[in-house]
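Next, two complexes with chain A in common: one pairs it with chain B, the other with chain C.
Now for the complex of A and B:
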């Protein structure tokens, strides 16, 4: 019952966000500031992790492909797997750890120090002024970070392809277009969008409805981290399962 | 100009925080609401400005019943009823100037930048703050933040000023200064002030009327002279 109650409250909250996006003009300078903040906060760690994800994929595929004498497809396989699965997942976890916790703590602190109430008293809708820019920024930044993570994973994969498999960068890159299909890109983007929406919803909701002083802020941050981590894995399973069914339609 | 509350009730889960409150405040009055923590004082103020919706009862502000109004329709009411919170509630990312200008930009969108600047500086001077407008909110002391918070509320020119424990966390000297400020602002600007507090001494000094709340109900209501003779045990505790 408690879970259903919470779910209902989350849906009402998302409804208010969507209604605000639809009916009010978005403050572009504020949104740009938020996108910049979210992207800058997570870009270095995403690029760093992306490099190693590409490198790991390269090592894993390298030993298997070598057995079949198909090392030339290494770049394609590693990039496709990163785009379809590990890339969006990695970005989501990075964002959850850095931006999700940050946003939840920021909004939670504003709530417990009565800044949100003060904003309402001064004639401003906090959903429009605080929540919507953060919500959109997290979703849009997911795509920017996916691109950064993907590019650095290709570089990491190519570097390890050279070191471990003796494959030139040219050979590594040449295989990419054969494996990275329109479907792979669509799936990667869809996962990125789903994870971005999930994260943006949970962290803004938990932060916005924080109660109980500093301890409450701590609780909001922890529950944001927990719910998004579990939620990302569940959504990943669901989208992968759904993708299997839809891939048939797409290719046919 | 008056504010009237009729049979106001508010429950959180099974806990009745306001239990049939009736209160009338006339224009220009300073009314202190005293009571122990958790007796519904802040809930009463937040209900008046529409931050909380009462379960039942009526809130009349200048002959208009407002308790049922939507968030959007409450905006002009909140312009009339400025609230000063227990925390300074300043926006950390903004300067003192922008904090004070925040409400002015929303409520008086037709004002020019020049006009906004003069309103901000005038409001800061009312709380005796000079030369701090370019500092960030977190760069000034807690006492100054409280005064900036008051200036931010004054800047929207409210007719009713609601204070939620305005002196909590302040030393006795600043507490006295803030209390004098409330009295002076109320008399100078002719606004009605409702002050939620634990400070009986201050209430005796500056209020026109003292209302004592206990368990969501008004247990005493009197002027500062007569309240000293009250037989209500909670009032005697406060006077001790």
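Now for the complex of A and C:
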């Protein structure tokens, strides 16, 4: 029951955010400042971890394909697997710590130091001025960040394909178009977008409704990190499932 | 540079005390419960979803490469044992346990409980950090075994229902590729991750600054640093192990 209650509260909160987005004009400088801040804050880490995710996949597939002498397909296979599945998953895990935990700590601190109540006393709507810019900014910039991460994972895969498998970059990239279809790219992008929406929802909700001083801030950061991770795995399954059914319908 | 230096001395302190008795066995047991036992449901839940996706994706890719789904169980088992089981477990632990540890110790720090311990001549590293390090190493290894088991089980269910395998054919296909060595290597990975998570989290907890903001920042930093170190360490270990497979 507790789970359903929580889910309902999250949905009501999202409904409020969407209503605010629809009815009020969005403060553009505020929004662009948030987007800039979130993106700059996390871009180096995302590119860095994306590189290593691609590299890991390249090593793994290399050791599997070597036995069959099928190294020429390494580039396509590793890139396709990274784009469709593990890349978005692992990079989103990374972002749930960097962006999600950060935002919920920030909003939570505002809440427990009564800054949000002060705003309300001054007649401004905290949802409009604090939550909505962050929500939109996180959705947009995590999408951008995941794209950057995926691109650098391709570079990481190619680098390790060269080092471990002895494939030249040319051979590696040549194999990519045979495997990576438009569907795969669309699926990867769709996953990135869904992870961004999930992340933005959970971290603004958890941060906005923090209670109980420094302990409460700690608690909401922990639950943000945890809920986003479990949510990411579930959304990952759901989008893969959806994409597979769609692809099946499309091709048959 | 300052942070690096103090991290170095902190790391040496922890290492020295972890390797030498006396260990506080009661604390270790409490932490084993808090870190290991209470993470079981969430890890099993997430890993089962990951297993299903892995099989779906592998089936898709194998159809592209060799036009059949013959090798799916073997390849999927390799990916699960070598990579997914321990990495997803470690990343979940990093956010659940790592954030928990750094928030808890950070709160102790800003409410001056650490100073109180020092006044009472109790070594905070021996009381707080070492039991968590030992408990996390053990629980990470145990949870990785569980996660690998659950992952293989759910991927088996998935192959039976979607790829028309039977239990016997699934395991024989898996047996052709995966070996016991893969499990041992994934346990080594888990132990390394389990060593890193509490050390990083306790460090950020102990250097937490005052106020709600300080706790928030310490927790965030702990989660991020843990996740990056896990991905980088995983890369290094995978590379090292790729010579052993």
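Everything below uses one rule, namely that the second predicted complex is superposed on the first by the 249 of 252 C-alpha atoms of A that agree within 3 Å, B and C clash if a C-alpha of one lies under 4 Å from a C-alpha of the other, contacts with A are read in each partner's own complex, and residues count from 1 in each chain.
The rule we apply is simple: a contact is a pair of C-beta atoms (placed from the backbone, for glycine too) under 8 Å apart; a residue touches a chain by one contact, two chains touch by 3 or more.
Because the structure is a prediction, the values reported are computed rather than measured.
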Original post:
Clash or fit: what happens to chain B and chain C when chain A is overlaid?
Top reply: fit
Subject >> Inter-centroid angle chain B-chain A-chain C after superposition on A [Cα, multiple of 10°] >> reply: 100
Original post:
Who does A:113 touch here: chain B (first), chain C (second), both, or neither?
Top reply: both
Subject >> chain A: partner with more touched residues, chain B or chain C >> reply: C
Original post:
Does the superposition put A:124 against chain B (first), chain C (second), both, or neither?
Top reply: first
Original post:
First (chain B), second (chain C), both or neither: which does A:225 touch?
Top reply: second
**OP:** Determine, under the contact definition given at the top, whether A:48 touches first (chain B), second (chain C), both, or neither.
**Re:** second
Original post:
Can A:56 be said to touch chain B (first), chain C (second), both, or neither?
Top reply: second
**OP:** Minimum C-alpha distance between chain B and chain C after superposition, to be given in whole Å.
**Re:** 11
Original post:
Do any residues of chain A touch both chain B and chain C, and if so, which are they?
Top reply: 113
**OP:** Using the touch rule from the top, collect the residues of chain C that touch chain A in their complex.
**Re:** 42, 45-46, 49-50, 52-54, 56-57, 60-61, 64-65, 75, 78-79, 82-83, 87-88, 91-92, 94-96, 99-100, 103-104, 106-107, 110, 177, 211-217, 219-220, 223-224, 226-228, 231-232, 234-235, 238-239, 242, 245
**OP:** Using the touch definition up top, name the residues of chain B that touch chain A in the complex.
**Re:** 46, 49-51, 71, 75, 78-79, 82-83, 85-87, 89-92, 102-103, 106-107, 149, 152-153, 156
Original post:
In the complex formed with chain C, which residues of chain A make contact?
Top reply: 45, 48-49, 52-53, 55-56, 59-60, 62-64, 70, 73, 76-77, 80-81, 84-85, 89-90, 93-94, 96-98, 101-102, 104-106, 108-109, 112-113, 164, 179, 213-219, 221-222, 225-226, 229-230, 233-234, 236-237, 240-241, 244
Original post:
Within the complex, which stretch of chain A touches chain B?
Top reply: 113-115, 117-125
